[in-house]
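Labels run A, B and C following the written order; every chain starts at residue 1.
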């Protein structure tokens, strides 16, 4: 266990059973298929991928909102997947999550104070006054006001609700905050505000973020480390600067190429991907990306490539990394 | 801050109520239903003050008198004033409605929320049990249970409750399934809330509205079932002035002393109509799609 | 009577929605124009009215919405010509003089001849435009048979041709039901149907917002290729500045129901004039961007009680007193570059 890491994930598997009918065979959606990765302390770790990549499922598996089928999640040395509910409760406090949907992630019939303060009622034996003071502090931190705690979610805009959701996440002084596409449902100008707030707070408090997104521009702004996922597997990982300046996996290249750049002066060579994203129930043989890869060779169809280290800290899951 | 906070906590429910009242005033049929039920409640509450005679005191010298100024609804074969009996019967009816509603809602809600929230095998088992209860025509089942337990009012109430809970189970289960996958529930789980806490504090409050609608809609049915049991001798026992029993009393006298069965019958019909109108109105008012 | 675009010219468009909350003044005098074969991007955030504008051009606004005023000329014929009516009437249809002839706005029957043929539209959720209980092939054949007045059987080869053009396996897709299509495939079908009549203008309302980014790239490339070959003009509605930069020749920025800036794409990005555009560009994250992101303070206004004067003034860093009282006109400040902002109306008076 590397002391630098907050979380070390080893060979995590999360499969969902699906059945066409009672009589047919059970198939499995291999949402997370043998994923290993390390999340360093006090960093922003971006988890990038499209539909079916498994990034959302992976994050929930780490938090034990979904129970993984196999593998280990070591939180500062302790494998939290093996713990019983009671033993796991103190870890719950240290890992919080902010969801994508600002409109449904806050209980519509509860006061902001109740929503934010619930965690404190569960974990701490604080007095009413302590709770109120803490909530006021946290609301100010995210750029809202103390009196807002007596209002209801529907009285706030999308951006403000995400800030409230973040306030709820940090009220218990966690060490890790998982952010699941926190700005995807927000307008551009509001998104900027939320991203800046996230970055500022992280710098001041030394939190670790696991930031899930499909938007590479946001990754560039906020992340220190990146892991790119495709069909339940990690296909590339490394420091953001390295991955962005020389992406080693063909999928990463295609992802960067597909990302529209808001600059008409640029005339870059675009690599347009072919084909659809395959199903996670019956993924392609060998390298899962081979059906869409422009550099495909025979070996790619037959053998699954290992995650090999290309340069210091940068790994790619490819037989012929670029 | 404390009292302000308390009022703020109730705010969404109060807002809902205000909007509901506004819609209520707009629907004429609902108003009619509300007036009928209002009347019913008043009569039930003030029964001893309104009824001119005792409902059970017999006076054989005044048997089978027709409706008139002395006895508005006439007297029965034992000389009892039917008007007073009907008035007091409303108390029994109210009592039955109240108890049955509370019991069947409680059973149904618990079954429904456990079934919907936990899913899997528990859901299957509970739903099959619910199906079993639903497979029988409700009146037949109520008769059966009442007969088994012994004919009296308490057992009738138990019987009707045991037949009526299934509606709530289905309803609450549907709501629970819908709510449990909402992000705000996932958020509370990630904070570390126990499942009991989630069910009681987060899921159930969202079910209040549909439960209320169903309760109102079913009140008419409860009265009818109770009256049917009373009529058959499986519910309240004579000399209790329950409306079904009153109708049954007049069975042998239908040809010439029609008033003995008719007036209690009208009372039943009137109140059931009132509940149906009110219930329809309540449903329309609380239906989220029609609310605007 | 200044007509600025030879294919589409929209001027003074006003649309309101009458809801239980009040009157939503969704469009407050929108101006927009396009030449044939052009690509115009309409950009804005929530509530700016970009989708409402597209629907108004197609005259698809329904209860509780109402087009109250404005002039839309499409390919020389007026689709809309209204001025606010006297009290008690909804609006007044007024005759226009174009090319020496007097025209009145098209009737609903006449509009039906234009919609789906010369003027076509595709939407964000492709599967919601398809009937879920009918096979895809049948729906496409039905649409083509109506447009070209041929029988459904005769439409079959056209359907196959169209599916091939959009890169789908015709044999497979014809048999499928809409829910069996992936998002990308469904959007391809919609593009195929939208372009099947070779419309002069295709309006695309956020066609890729619901798609994954690699699929989005494929769809945009398809659209680019087909529109170029077919000579179709495309009005692309989006909130993504990246798509605008890569796909569109001209850009119109909208805010809270108004046109705020119009320019050629390069001019808009290199020389944004309206403070809102400047704010937007500073807020958009970009790979390789070095400057810190800057948010625009405040939120999008409520359109039931919009701000007086210029609707952006409460959030504008350069607002003056004039901005809160007078609505600025949309006019040409530099060649081909239009803005609606008091900073550029009278340079001497904005100190």
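Just so we're on the same page, contacts are C-beta pairs under 8 Å (C-beta built on N, C-alpha and C of every residue); 3 or more make two chains touch, one makes a residue touch a chain.
Here the structure is a predicted model, which is why all the values come from computation and not from measurement.
**Q** Tell me the shape of the graph of touching chains, choosing from line, ring, star, complete and other.
**A** Line.
**Q** Select the chain at the greatest separation from subunit A, using centres from the mean of Cα atoms.
**A** B
**Q** Where the CA atoms of subunit A average out and where those of subunit B average out, how many Å apart are those spots?
**A** Subunit A and subunit B have C-alpha centres separated by 50 Å.
**Q** Subunit B to subunit C: how many Å between their CA centres?
**A** Here the centre of subunit C sits 55 Å away from the centre of subunit B.
**Q** Where the CA atoms of subunit A average out and where those of subunit C average out, how many Å apart are those spots?
**A** Chain centres of subunit A and subunit C, defined by C-alpha means, are spaced 34 Å apart.
**Q** Name, in rising order, each residue of subunit A that touches subunit B in their complex.
**A** Of all residues in subunit A, those touching subunit B are 63, 65, 89, 92-93, 95-97, 99-101, 104-109, 111, 113-115, 118-119, 122-123, 132, 150-152, 165, 168, 172.
**Q** Can you name the residues of subunit C that touch subunit A in the complex?
**A** On the subunit C side, the touching residues are 45-46, 182, 184-185, 212-218, 220-221, 239-247, 265-266, 269-270, 279-289, 292-296, 299-300.
**Q** Please output the residues of subunit A touching subunit C within their complex, sorted ascending.
**A** Within the complex, subunit A touches subunit C at residues 50-51, 157, 159, 187-193, 195-196, 214-218, 220-221, 244, 254-266, 270, 272-274, 276-277.
**Q** Please output the residues of subunit B touching subunit A within their complex, sorted ascending.
**A** On the subunit B side, the touching residues are 1, 4-5, 8-9, 11-13, 182-184, 186-194, 197, 202, 205-206.
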